[in-house]
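One chain, chain A, links the two complexes that follow: it is found with chain B in the first and with chain C in the second.
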Partner chain A sequence: MADVTTPIPISVVQGRYLLFDTPTIAYLRREHNVCGVLIGTIPHVSQQNVFLGVPLELMPEEARVLVEKGVAYLVDDALAHREGIWGMSAEEQRVFKSILATQGRELSLAGKRQADKKREEHFKREREKKGKAKDKPASGDLLHLGVDEEPSSIASATESSQGAPTETDDDVSLFSGAPSTPVNAKPELDLLKKVDQWHITPMTSHPPLPMHAESSLPLPAVGSSYPLFSHLYKKGYFMTPGLRFGCKYCVYPGDPLRYHSHFLAVGKDWDEEFNLLDLVGGGRLGTAVKKGYLVGGREPQSETSTQPDDAVDVRTFCIEWAGM
Partner chain B sequence: MADIDEDTMELPGAVNGDIDLSDETQDFRFLNVLNFTGGTDVKIPKRGEKDFEPHKTSLQSSTLAASREAMHNALSTPRVHKPKAHQIAVYDPHSNMAHIEHTKGSYTASMGIHKAGKLWLLPEEALHLLERGDLDVRWTVHEDTHEVNDRTHESGGIPMSLQGAYAAFIGMERAEGRRLTLEMYTVYSALKRGGYTVMRSEDWSDTRPPIDTSCAPKNGTSFLLNTWLGRLFFGSSPVPSEGYAVGPLVRPGLYRSYKDIYRLLNIVSTHNPTAPPSFSLPSDIENPFRLTYNVWKPNSNFKKRAPPPPDFRICVIDARNTPVPTLSQLNDLIVTTPYDPPQKDKSLEQSMKHGHRNVVLAVVDQVNGAEREAEDVDVDEDDEPPLLSVYIARRYGELRCNFRVTGINLNRVTPINLGPIHK
Partner chain C sequence: MSPAITKNAEYAILPESAGVTNYIRDNLAAPEDSTDHVLALQVIHSLRHEHNWTALELHTISPLSPFTLLPRPLVSGLPPHRLYMHPDEQIELLKEAKNRKKDADAKTKEGDEDNKGAETSKKRVAKSGQPSGLDLQAEPEREWVLPTRLNEKWSLRRMAEIFDTIGIIPPENATTDTLQVQKTGQKTTAEDAASTKSKWRTCKRVLMAIVDHDSTISYYIVQEGLVKPRQN
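Now for the complex of A and B:
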């Protein structure tokens, strides 16, 4: 997979954190346990809601953890585009367009090759099928047909309505078409010029936009559950949004592609009061789906403590519905 | 192993086969299995088998690598425009819309506005088409204009990337009136992917949509008469309000009929759905509870110039910034929808589900849309006790509702499994 240069730009659009680059998305998943949620449409399967595509939206907590680790930085995308695109010089535009044009021709050529290959295979299969068919009864029929055709035109007309002569027509077109298919022998460059250029809508705006690894944007705002999030994150868990299960995060022991989640987590302030019924409801739901209902919060530091912020103690409690 | 059970186990009440696939992270290896060429009968794969926890075997890690690889491949599908289907739209920064001169494809039946020989697309429409790979949107760069005039129109402008499209159509929308938010777009594109026809509700930028009185109730006079008669016979003295604070509501005394007692118990006054609606809050541009989209089920005869009455009206809510609506906010939202009473022959439950006016609240929290339906439901015949507005939680995963919660008589909350809303 393609290498990714860190720090990674995270696009901020209307206060949401988005990623558009597929290698980056794969990299964060592989190396930094950050999954996010895909929200876009996959172009070739655009009529379903099960598999979604780029962009990937990050929770503010995920964006914050990445920024604090120095893996990523935030970019105000609207501003960057307003300055970057409308500030492009004619020369920059020309260069960018020629890059896209080359890519478009390459894709088009690849598409053409694939189509050729497909056609070739199709013909091959057809030929094999015909070969088999002719071995057995078809050969007799054709012979018979050949005899009939000369004496009476009426007979040939009835035969054609049965479809036998069309088979021979197919064969003719097949063999006349076959020699023209191996175009691949020609030199690459000529081909690139010859094919129709496909137009591309790129995923990201780099290029033409330059990468600035500095950001004036504030850290993503996160709620009182952030200490719990970063605690679990540091322990190597994967987190996804938990709205569907009535919790803040679903906590996975590994990539959610492969593993079931273990916990439904809710982060609280240390002295925050909450409804006892939430514990009952969360505990019951968690137990019913074989997960633990996890409540956690940061223990307030004593004033004498000089520990750095990372080492603060987050304590977690897991609640199970015993149902005795 | 626990994981096998977990795959088959469902929450109580859920019917097998009623699994909402979009609930979980999907294994992208199954995307290759999908066959979308076979017309309407699209097979959605069963969800993948998952493991309980990592146990560091090479089988497990290679399966995970394969899943990730499949996901990566699916995500990297390029958006290419072959010459035959290539259509260019030009981004207009002033209106934040895009316009197309030569349209190809059937989407024009339900999208865009024709103006001066061009098709103008709203931000969400242009973004959705670009995302599907059906539209090549171009930035117009000012320095480029002279050059464009020389060459053919086709080559003008800088192609807009997907990232650029999100930045422009969502990020650059000016804040006057109501702008397109990512929440609205999430709902819009989810519904479009599901096959619905979605159009903006007309009153996006007005200060406040008007009350929909399209259905002035026929029996308005008799309603008045009822109230009058009620006042004459029973209502000379209103319910003593101190009873509410300290109770009891029904003091010991002489009561000649049950009606007298019921009336004393009637703390929340009975809602008459046929009464002329009115706003209960002052007009406020910041009010998030307004109609956003009109939604129609798929219909080939749809005409965008003269659309039929929508099947659903949707109000998009951002869960993180918007608290649960108050009764008056709900009232103000619901009076902007037309009066649409349930049919007489429906069962009680069906007619309660239908309500007299209804609107769907699409609550978007961190990209997980949960759609709830608030309906103006009330049965006020024969001195029934007052009924709370009914809340229905509903999600369109794959056009299916999961459950609803109805609050009836203040203390009875029943989860009910609904059938598919579509097909």
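Now for the complex of A and C:
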């Protein structure tokens, strides 16, 4: 995961905390015990919701814990994008466009090469088939004709595929050196090359936008369960949203792909009142799925002033049905 | 007509009060005792007669050093079986049981070979006299019981207050406020269990008895800290 640079920008879109970069998502999961939830689907096939992709939505608690740890920072996505695009200089715009053009041409060449290869394979197969047919005495003249035709087309195919690498080399040398060359360098050649180019819709905004590690956004707003979340996080547990189990967080002792969750956690304020029926329901539900129901919260510091470490001042209680 | 009248007359006589009512009336130290006290007695009655608990005691004073008054009366007692087994302890005991079984099997096999060696495996097990299944030998442990009512509101502060006033294992003999315990033959086992502290018993544990209006009592184990769940 060398290609992930910290701090990681977390995009804030409409009050949701999103990540769009797969290596980053993998890095956070592997190194920082943050899983989030994949929410990306295909815009026109939104009923395809079994296998979701990026973006990854983080719980406010997850975002906050990462920001407090210094691993990530928040970016107001809309604002950053607008300012970034409007604030681009002409030179930056040109460089970005040339990068896009290069990528487009590379893609189109790759596509062409693939098509050529396919065609070549096809002709090869055909030739073999016809060769077999030729061995048989019943083969007709038409087949002969086809065999005769073949070499020329193959030749053209190989020609084009041979031509491809030189073309790309040319491209790379031209555009990797683009910033240093003047703007109007070989415009006719540029135009000619653009004929074949694919047009790319950029999926990321950097480049062109630079990344600023400073953020003016406040820390994510979190509820009364945050002390418990933070406490569990510091102990190395993984948390996922607990809606499916009727709690605030599902608490896993390791990666959720490897472990069953241990606890159904609910965070509360120290003096927040709750019904015993909640404990009964939670305890019974948790025991039914081989988990413990966990309630916890931060004890006010004034009472336990001897322990300044904030890992200590969160107290938790595990509830299980006694079976009697 | 006359039989009907006599029947009515019989109905007019109040039925005898229930066992639990008598128990509470007899054991209430003073009439002005709190309703929590009554609740604790009700729980004791349930534990003794519905769940076969023994060595039940009522605590009103904390067993820990300042010996302050408990926020509410607590109960301690000895269940007939082990109430809670930590999953790691369970694994260890299962391993032991497996080894025992293996040893027993090996022994019977030797014996069979000495005798004849032509017996079926079924007979071997039957002959061995050892328990064939993986039975776990876990001594029951004394437990704290916290009597509560379902319609009460609780908070983390109140739960923490309870846990702050108790130790890991209830005291063997509460010298402060001991209820007359019906001493049975099992009293000795209770003392044994309490005196030999299990190495697995490392966090405070309370059996929460939740009593509803209809006197249904449901029991939940509450432990302080992060204790991984049992695999049942």
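One rule holds for everything that comes next: the second predicted complex is superposed on the first by the 201 of 324 C-alpha atoms of A that agree within 3 Å, B and C clash if a C-alpha of one lies under 4 Å from a C-alpha of the other, contacts with A are read in each partner's own complex, and residues count from 1 in each chain.
To be clear about the criterion, contacts are C-beta pairs under 8 Å (C-beta built on N, C-alpha and C of every residue); 3 or more make two chains touch, one makes a residue touch a chain.
Fair warning: this is a prediction, and the values are worked out from it, not measured in the lab.
S.K.: More residues of chain A in touch with chain C or with chain B?
M.R.: Touching more residues of chain A than the other partner does is B.
S.K.: Once the structures are superposed on A, label A:R315 by its partner contacts, choosing first (chain B), second (chain C), both or neither.
M.R.: second
S.K.: Thinking of the overlay built on chain A, is A:P253 touched by chain B (first), by chain C (second), by both, or by neither?
M.R.: both
S.K.: Quick check on the superposed pair: does A:D271 touch chain B, chain C, both, or neither? Answer first, second, both or neither.
M.R.: Only chain C; A:D271 stays clear of chain B.
S.K.: After lining up the shared chain so the two structures overlap, which partner does A:V280 touch, if you call chain B first and chain C second: first, second, both or neither?
M.R.: A:V280 sits against chain C, while chain B stays out of touch.
S.K.: When the two structures are overlaid on chain A, which partner does A:L294 contact: first (chain B), second (chain C), both, or neither?
M.R.: In the superposition, A:L294 contacts chain C only.
S.K.: Considering only the contact definition stated at the top, list the common interface residues of chain A for chain B and chain C.
M.R.: Common interface on chain A, chain B vs chain C: 253, 262, 290.
S.K.: Note which residues of chain A are touching chain C in the complex, please.
M.R.: Residues in contact with chain C: 232, 235, 253, 262-263, 268-277, 279-280, 283, 286-287, 290-292, 294-297, 299, 315-322, 324.
S.K.: Per the contact definition, I'd like the list of chain C residues that touch chain A in the complex.
M.R.: 51, 79, 83-84, 148-157, 159-160, 163, 207-208, 210, 218-232
S.K.: Which residues of chain B touch chain A in the complex?
M.R.: Going by the criterion above, the answer is residues 2-3, 5-6, 9, 11-12, 21-28, 31, 34, 36, 42, 44-45, 50-54, 60, 63-64, 67-68, 71-72, 74-83, 86, 128, 130-133, 135-137, 139, 141-144, 147, 155, 158-164, 166-168, 170-172, 181-182, 186, 189-190, 193-195, 319, 365-368, 370, 396-398.
S.K.: Which residues of chain A touch chain B once you look at their complex with the stated criterion?
M.R.: Against chain B, the touching part of chain A is residues 1, 11, 13-14, 16, 18, 20, 22, 25-26, 29-30, 35, 37-51, 53-55, 57, 59, 77-78, 80-82, 85-86, 88-90, 93, 96-97, 100, 104, 107-108, 111, 196-205, 208, 240-241, 243-244, 253-260, 262, 288-290.
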